[in-house]
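Both of the next two complexes hold chain A, though its partner changes from chain B to chain C.
Now for the complex of A and B:
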């Protein structure tokens, strides 16, 4: 693990652990909902990448904004969302964050500054940059984090927004979650040169960080957020990670594009939750028993939220044209 | 009343709304230098470079940034320079701006105005001349406005800026120098309300944008030949003033929809179909559409003119439709 800040706040570390486990548990349940044909649509699992969403969002306040991706459940949980409203959304229920109109790929949680997941690869880059531009225009000190994957580095919009953000010193952090695959294609086959060099070409300070190390991600983000609030942005982070599942939940037989050995290595040797749990125990921040109790509570919370969502009503058909336009 | 140009009217609308509401601001290429047509000239002196923001030539970034800034509490005016260039930003407009409110279950609004100078302008050729309004009327979530006069450009642009949804605002490039009377003081034209430009009993001419003026000229000429045409300028294409159009056709029994855009899948088709569905029993003649042939706009003047819906074409179509009237 990276060097941690002084351990004066064990609560922060335990919350980070808890949030990572909440994401993993959420995804395990979402996957089961899909496999048991209870989910109307499909979904993209964040499992394996938890340290990124948590390390970053723990450095933000509710006033800070994020934009998210099709693989966005982790961002949503990490930014403060509740299981109940999220599962309701996945199942298309009225009590979902988006009243069942968005589903897995379009969860937003405005109350915690999540401006929404986006099913267009790289589609939220303009929105995040605009949110930061608004902050500058209004003299507000909030920061916007734009999550996107390595696949989105192939979109032209990324170069347009980095140029504008750098010209105008916008308080935005571009967070590239490099999980090694652009859908089914290895990143090195679709990305020429270095990813961080793309940002550096615009004069944007760029960092590559181990995305499986929540403390490293959090420490870097806290420094960058602080500087962005002072007008030193924008910044770029490339977070090296791995997605445990396929591109989406239906992508089950993956050996035609990646080996089981590779998946096993990441899951057994580089898992962000296993690593952080071991660190918490070694540092004496939590005992194994306390961690097990925390895990069990999260599993129970998720099960209750799933049951609630399964029983919850769909939106009334009369809602179908609500919110197409402002009232 | 004072007389100002269509271009000046647009500038006055922006100035008045920026004075009234500090969350209104504009971004686009060359705005600090007045904009490519001069429609922002002087505004930077009054409002400064942050509210009249000069951007790189990056339409997708401009549009996307406006969406983010609108979602988080401001009212951006996006300048696209030419409607043709806005196609570089179509994802941000169609997938993001138009859908955010619905797909996020009403959690946010996207109040932004996208100004897209549109239409034929002498010999500007295929990538500076298009009328693409029917692309936008097809997209749920967008409001579409196409003013034809200085007074409407003032009143509709002000209403568009105050609207809480994304508005595609199509100003016709050929109308920039057109002068006309505008009221003194606050002048708002409600969105969704057509204007009956002149009344008539024999034929309804539904139109918008620059073609309004060809329709009015045609109606003047037709009057001398005994045909009284009612001219309706829709002004707002979505939501369009269905009631006013249906009431007029109910009276006249004849309809021509005339617009500059390609006739095939043009917005005229929607109006023609709606009228045919609602009033087929009242129609005295088949509904007619006048629009451009399905060709890109050419550079050479005689070829460019082939795409125009001219006063003569409107007169000919009206006479063909109203033969019994003219003969009586």
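Now for the complex of A and C:
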């Protein structure tokens, strides 16, 4: 694990661990809900990438904004969302964050600065950059983090907004979650050259970091956020990670593009939760028992939230055009 | 508490899955991660892993059943002979979706067209269909173009398979005798320029008379009557034995051959089947022409059809050949 910065304390570490486990647990439940045909639409699992969302969001405040992706449950949890409202949203229920209209791929939680998931690959890059422009014009010191995957680096929008952000020194951090696969294709087969070099071409300072190391991600993000607040942005991070599930929940027979051995290796040897758990025990921050108790509590929370959401009412039909704008 | 095995939802538009086969038998010991059963969706066939340890019990779905997603099809219990509990779960046969009546062993599509057919009929352009439907259609010898011709909107998925199968008998019974379809490519349209020249230099302003003259002469059996059809309107012309284009005249007699001129329309090719008389259809792609001859075996035999189409296509490409 990367060296911890001195000012963080045991509570911060435990919260990071807890948030990572909450994401993993949320996804396990969401996966089962989907496979058992209780959830409409389509959904994409964040499992395996938890250290990125948590490492980054733990360096942000509620005033800071993020934009999320189609694989966005992890970002939403990490930015402070509650299980109940999230499961309600996934199931289309009235108490969901978007009153059930957003679902898995359009969930937004403005109360914690999550401007929303986006079903369009790379679709939130303009929104994140616009948010940073807003901060600059208003003279506020909040920072916007734009999450996107390696596949999104093929979108032209990214190059347009990085150009603007660099010209105007906007407080935005582009966080590329490189999980090695663009849908069903190895990223090295679709992306020529280096990903960080794409940002460097615009004069944007770019870093590559181990996305399975929550402390490394958090330490880097905290430094970049502080500098972005001082007007030194934008920045670019490439976070090397791995998605445990398929591209989407139905992508279950994957051997034709990715071997089981490779998946096993990442899960057993590079899992962000297992690694951080071992570090917490070694450093004496938590005992195995305490960690097990924490895990069990989260599993219980999630199960309760799922039951609650399953029983919760759908929005009234009269709401069908509420919060829908045509202009 | 026993774990319920459900028919998984694996995609956005999936309502049911077909249980292809159980990879474990009832009573067998199961370890989480074991391949439990194989399911076929509208897109693919997938192997489903067990999500719990235990013994496979209460199997309610049989191989080949079409099962709604989310429906319980078995349990993984703590013992191999776990008793039924009181909860009235789905113990009725899981076959909620009636198996559609599939005509046994549909005849391959190749048999539906005549042995004399040189090219199987196909609709214009590429047909949009799922890979799985394409594969099954190919295996069963079904032509996806039939769906397009019958006016069903593309793209086609597995749910269209029954429709496609049901289309077969209708298409398989062409009227009196099997139809022939021959296609000729004309890389260059020589006719348009020839018609302009004939109008300007020879005063032969009726291009349809020229077309009828070239087609009639291609038949090669003396005086004849040829109809030219364009946009549904038809005019017949008498083509004299001497083949002189200036001697082609309008006629009210019944034609023996029809020229369907689809140049200038968006239609790229046709496969209509045999009609009351042999039809030569002309379509245009850029500067090239495609000419299709469709007729029944009763109207014309293979060699005669080939001779007619070859002669007509040669004339359309190079109208001067008409002189020879």
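Observations, loosely collected:
Operating definition for what follows: the second predicted complex is superposed on the first by the 322 of 327 C-alpha atoms of A that agree within 3 Å, B and C clash if a C-alpha of one lies under 4 Å from a C-alpha of the other, contacts with A are read in each partner's own complex, and residues count from 1 in each chain.
By our rule, contacts are C-beta pairs under 8 Å (C-beta built on N, C-alpha and C of every residue); 3 or more make two chains touch, one makes a residue touch a chain.
As the structure is a prediction and not an experimental result, all values here were calculated from the model.
On the superposed chain A, the two partners chain B and chain C both fit, without a clash. Of the two partner chains, neither chain B nor chain C is touched by A:317. Set against each other, chain B and chain C touch different numbers of residues in chain A, with B touching more. In the superposition on chain A, A:250 makes contact with chain C only, not with chain B. Once chain A of one complex is fitted onto chain A of the other, the partner contacts of A:98 are limited to chain B, with no touch recorded for chain C. Once the two complexes are laid over each other on the shared chain, residue contacts for A:192 go to neither chain B nor chain C. Here the apex is the CA centre of chain A, and the angle it makes with the centres of chain B and chain C after alignment on chain A is 60°, in steps of 10. By the touch criterion stated above, A:134 is placed in contact with chain B alone, chain C being left untouched. Once chain A of one complex is fitted onto chain A of the other, the partner contacts of A:157 are limited to chain B, with no touch recorded for chain C. Distance between chain B and chain C in the overlay is 16 Å (nearest C-alpha pair, rounded to whole angstrom). Of the residues of chain A, not a single one touches chain B in one of the two structures and chain C in the other. Against chain C, the residues of chain A that register as touching in their complex are 32, 34-39, 41-42, 249-250, 252-253. Taken together, the chain B residues at the contact with chain A in this complex read 25, 50-51, 55-56, 58, 60-61, 63-74, 76, 91-92, 95-96, 100-109, 111, 140-141, 143, 163-165. Across the complex, chain C meets chain A through its residues 6-12, 14, 41, 44, 46-49, 51, 68-70.
Here chain A touches chain B in the complex through residues 65, 67, 96-102, 106, 108-110, 115-116, 118, 120, 123-138, 144, 156-157, 160-161, 163-164, 167, 322-326, going by the rule given at the top.
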